[in-house]
Amino acid sequence: MTIEASKSGARAARIRLGMVGGGQGAFIGAVHRMAARLDDHYDLVAGALSSTPEKSLASGRELGLDPARCYGSFEAMAEAEAARADGIEAVSIVTPNHLHYPAAKAFLERGIHVICDKPLTANLEDAQRLKAVADGAKALFILTHNYTGYPMVRHARELVRSGALGEVRLVQMEYPQDWLAEPVEETGHKQAVWRTDPAQSGVGGSTGDIGTHAYNLGSFISGLELDELAADVHTFVAGRRLDDNAHVMLRFKGGAKGLLWCSQVAVGHENGLKVRVYGTKAGLEWTQADPNYLWVTKLGEPKQLVTRGGAGANAAAARVTRIPNGHPEGYLEAFATIYSEAAAAINAAKSGTPLDPAVTFPTVDDGVKGVAFVTACIESSRQNGAWVKL
Amino acid sequence: MTIEASKSGARAARIRLGMVGGGQGAFIGAVHRMAARLDDHYDLVAGALSSTPEKSLASGRELGLDPARCYGSFEAMAEAEAARADGIEAVSIVTPNHLHYPAAKAFLERGIHVICDKPLTANLEDAQRLKAVADGAKALFILTHNYTGYPMVRHARELVRSGALGEVRLVQMEYPQDWLAEPVEETGHKQAVWRTDPAQSGVGGSTGDIGTHAYNLGSFISGLELDELAADVHTFVAGRRLDDNAHVMLRFKGGAKGLLWCSQVAVGHENGLKVRVYGTKAGLEWTQADPNYLWVTKLGEPKQLVTRGGAGANAAAARVTRIPNGHPEGYLEAFATIYSEAAAAINAAKSGTPLDPAVTFPTVDDGVKGVAFVTACIESSRQNGAWVKL
Amino acid sequence: MTIEASKSGARAARIRLGMVGGGQGAFIGAVHRMAARLDDHYDLVAGALSSTPEKSLASGRELGLDPARCYGSFEAMAEAEAARADGIEAVSIVTPNHLHYPAAKAFLERGIHVICDKPLTANLEDAQRLKAVADGAKALFILTHNYTGYPMVRHARELVRSGALGEVRLVQMEYPQDWLAEPVEETGHKQAVWRTDPAQSGVGGSTGDIGTHAYNLGSFISGLELDELAADVHTFVAGRRLDDNAHVMLRFKGGAKGLLWCSQVAVGHENGLKVRVYGTKAGLEWTQADPNYLWVTKLGEPKQLVTRGGAGANAAAARVTRIPNGHPEGYLEAFATIYSEAAAAINAAKSGTPLDPAVTFPTVDDGVKGVAFVTACIESSRQNGAWVKL
Amino acid sequence: MTIEASKSGARAARIRLGMVGGGQGAFIGAVHRMAARLDDHYDLVAGALSSTPEKSLASGRELGLDPARCYGSFEAMAEAEAARADGIEAVSIVTPNHLHYPAAKAFLERGIHVICDKPLTANLEDAQRLKAVADGAKALFILTHNYTGYPMVRHARELVRSGALGEVRLVQMEYPQDWLAEPVEETGHKQAVWRTDPAQSGVGGSTGDIGTHAYNLGSFISGLELDELAADVHTFVAGRRLDDNAHVMLRFKGGAKGLLWCSQVAVGHENGLKVRVYGTKAGLEWTQADPNYLWVTKLGEPKQLVTRGGAGANAAAARVTRIPNGHPEGYLEAFATIYSEAAAAINAAKSGTPLDPAVTFPTVDDGVKGVAFVTACIESSRQNGAWVKL
């Protein structure tokens, strides 16, 4: 059990954590910090939070960091912290995508565990390089595909693994948003600026930012490997430099099929990630905005609404559940579960004890698959929707 | 106003109606009869209800038909009724698809109006022939794409036409069912037997039976013309002779895009027709199973739930609404609206008065488009998902 | 099986039907006519549709009635039709409440079956008189508490009867609306005028108009008899002459308890009838606006969403279901079921054959209970919420 | 802005926090700890976590507390911590209800701020005593009616205050659960044992445990003061010593009315807290299980679904929102908001700076009202539902 330190009996000391990115004006940095705090496995003690030493210091002060451990660059931080007896044991990388590879490399090579935001990198070449580094490192690499931390996602995955769905035929994923329906990047909107900039975001726009989440989640739940895809990737907003909508047809190894739709211009959707999986014996549906519910229908039976913490929730869900049914957990809790899974792995590595086999988190391999997915979408679309092998 | 005879002031006499198909054991025949009765514009007086004279007579007796007007074949019925002074003025054709063309031809050529179930025909050649006949006939041809009769579908279409959505970017259609998740056609299930038989159903399975509905509805609401499509059509159930699942990427004239998914093996879906349209200014979503609701979101405003008969319902919806808000109307009411729209057109034709321009119903052209859609899906899939022009 | 004539094998002739009330400008009359037509058991052949001979004739013409059978009063109609060889066999009474008793009496005493809108009468004295007449008559009396016709309501009732809920502890009923949130009766709104007029509506406003529906439905599903109630009945809109909101605490015989809330001023509710029943083993919830669904939860199991026509629907639901699951039925279909149940009873009476024991419809006794409920609410409220025995 | 320390510019030092109760096997203690951690305003440094020194020490070790600051009783903790230079500044009291008063008194009288779970006390006498202590103390008293921390609850309250609802007519509250549908207290279920024990829980069962929450929330949103109530309080489960269901009719000062239903035996409800408020101009509805949504309907307009972080969310909601719309926040976040509001007040008190007037949290006065509500329910029920003044 990785949730709340208190449940683990003899308590492990908190892991000393640093952060790269996440300074003033950022969004995902604060999310990572709340996620790291919730279950009390980490102490944030150092940061290279912003792109200049001055900003980094100012950001660090707001977080109560020791000014001496507020660094002007991730390189400086990696070097200095590796040299300290009480240096950080793990680092959260929450920068724009193009920095994931160099930053992760700097820490992994010094034996510091890396918890990195998605997508893995801005392009496939970097992804493969990062994989080589991670595979050769003694430190762990955890990718925060945070949606895999939701209890009902764990329940769904376990249902598929247990055979309750029979043979999976269809995996339908969608992730519509509407926050880029207009060219807000032209107004200086910080999130929009970097996420629509190929230099920072990489080859994919909506495909990289949210398509990878949907693809990862569909794969996580279904357990299937993608074989090939055919994509129609498009930019609707004039002047935008990356895609803001993609339609993708999928063929999985073993014969299952799927559709994936991601969009940043679908007016009316805030963050509409949904995964549906249909097998020969049952089907399931999960919607991120209402994450405490999972619809499960066995062929020939009424629909069931399985709830987090409720009577029908399985052990895989219960393991990552903090509070009773009817008391909703949300996005931060799921994110915190990734951090707690990471802590379990880090602590096992530190202590040399075996890791609970139930612990699971997205790895560098998942990250490479995600970038390969984006790359294949772009390539297929350039070939007018030809099938591209993964 | 076409709803309830009583609202039309001086009442038109009921239209004398015949029916081809719809005898004992059929499903859609009873639906057509209830739809014809609800608003009181028709009298069912004749039928070629089953495939043999004996069965046809037995079926007719159950409906209270004059035995003399229970025919053993549609040819006999067309000939005899055309010769009677009190012969039928219109006929409902509710047979399997392969008979739509010859049956419709027999009546249209005799000046008898035809109300025909969808899809138009079993193949594109028949569809074009039927169009030629219908275009040359004095009688009307109405295709029962009944979902266009729902008030909130009318509301949605009017929203698009009024410009409230801005420029349409995306049209997402899905129509999942699960009743063919297993090979029930092998058990003698009457509906399954003919709907999975190419000789009766035509070139498309799920694409023809439900894909055409979804495509028709998306076109009806969005007002867009399809330019080309790329499809991955598949049969999941071993031994089945027609497709039971299709994934289709769509490109509309003018630049909008879309996805269409239809399935008969998606466990957990009863009759899950859903259409979503996204424009530059607003988005909308309608689900057939909950037809009295329409979600509308204007960019930058909270979501609105517009209800049939409610404060936000527009004139196009109100025109085909029978009862107050909160008193749900359903599938039969929407179907009845098609019948009442047809009655308005037939009565206008009879009396030589101009037809209310608000009257709308699916025509033979819509039917040709539907069969062309199915044909293109099959063709694209044979070419491994190549784009096929409509 | 009472649904669609065609299913009953050898077809019974249509029942000759008259109507009292329901002329131009009325609401519920058209509902009764559609309900009577849907399953094809009736022919409407006579009417005293409006309050003057001229209006009655005009209304009748719009419906295609023989002018000779358009009467200026129910008394004239009862007398004349009783004298005809082809006179009406049944009559629908759809007037304001104060006329239910005299009209029903006129027809019952002549052996003409009565299908009467609710509430039974405007006051308890009339209700008891009408019961005496109905009990002594050879003709049947059917009260259109139409919500009892919904398939999932039948399912719910059968669940309770079968013991699936265990011992019932709680019955929670609510029926909020908002159409009288402002004094629309002062604007001449026809429905509002008579429904807020004690002379036409009787002692109860919201309690009589909708509270009786909720009470009837809770009783129908739970099978419980009310023992006593304590009510806080109120009129929020200044100048209104009848109540527009009521809070009622209920104690049933045997120890179950309940709450009933009805309101015509609850902004945001169109027609929000909902019934929830909780037993020792399971609970259920049904909402009229989404009538094809029934939530059922067995203690210690996940919630189930049972659907009309779906895998979990029981025989009591299937018996009154017309079309497949996922094709929504609505208010008119439920209303039509009451008419079809009535037709089954009338035909059994005509032919002297035993009535299918599955046939059920609200009777004069249910009507008396409803008026007694309203009377008790008013009485309790006058006594500042003292418990009043039923 | 009280959310995340980082947003407050110059960061206040974390508040040194102790905890009374919340040791091994407890539920709400872990909730308080997560809530205290999320926004990083507190350091938990001491505890009297369990009822014996040994258990308290074991529980403290699991949380990483200094063994020297793990106390065997709250009295010992209050005394020792008050004497330390680095002693706790605030304490969380998360014991069964009967200890709230003595524990709070011990800390308040030593100038240590108290964050106390609800209900305030086990009986009204203790509540009034505690109020006297709190009113006379220099330290703050915060009651964790945590549901007031949800952003959409704040939105709802602000809507009422702004006049958007017009004059409030109705406040409907319900809080059904089913976890006590059977006598689980007889199985040793720890939560059930103390919550059904009058000695630990006080005069109310369901009324105290959840009825107070519903009443507090309805009052918080509507801004109304209760004038009198009439209650039917009941125990359904044989042998249970406190109520497990209550029906309450409410009359507020100024003329509004309401119903409150709380139940622990309503099978199918996990934690079904819902509040609905209806005014002359608009109505609103909020459900705790889906807390990121608020339904708002203006009279004569379509329903709106306002979302946390979305386009329609007002400043009162935005102030306590951590993450973007579509990324659901839940129960722990709402609970954390109470802790962050408390931190803002404590820090303002420490620094002598004025408190942001937007900061709001439940006080001892709210607690007294809650206990008075429970007491009045029990009293009314003893008098067979007579109206009891608050």
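A, B, C and D are the chain letters, set down in written order, and residue numbers restart from 1 in every chain.
Definition applied: a contact is a pair of C-beta atoms (placed from the backbone, for glycine too) under 8 Å apart; a residue touches a chain by one contact, two chains touch by 3 or more.
Owing to the predicted nature of the structure, the values given are computational and were not obtained by experimental measurement.
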Reference subunit D; chain at largest CA-centroid distance: B
Contact-richer chain pair [A-B vs B-C]: B-C
Inter-centroid spacing, subunit B versus subunit A (mean Cα positions, whole Å): 44
Centre distance in Å when subunit A and subunit C are each reduced to the mean of their C-alpha atoms: 55
Rounded Å distance, subunit B centre to subunit C centre (Cα mean): 34
Per-residue overlap in subunit B, given as positions that touch at least 2 other chains: 269, 296, 303, 307, 310
Arrangement of touching chains [line / ring / star / complete / other]: complete
Residue numbers on subunit D that touch subunit C, as the complex places them: 169-170, 172, 178, 181-182, 230, 232, 234, 236, 245, 247, 249, 251, 257-259, 261, 263, 265-269, 276, 278-285, 295-299, 303, 384-385, 387
Residue ranges of subunit C in contact with subunit B within the complex: 4-11, 13-14, 27, 30-31, 33-34, 37-40, 59, 61-64, 177, 269-272, 288-292, 307, 309-310, 322-333
Subunit C-touching residues of subunit A, taken from the complex the two chains share: 296, 300-307, 310-312
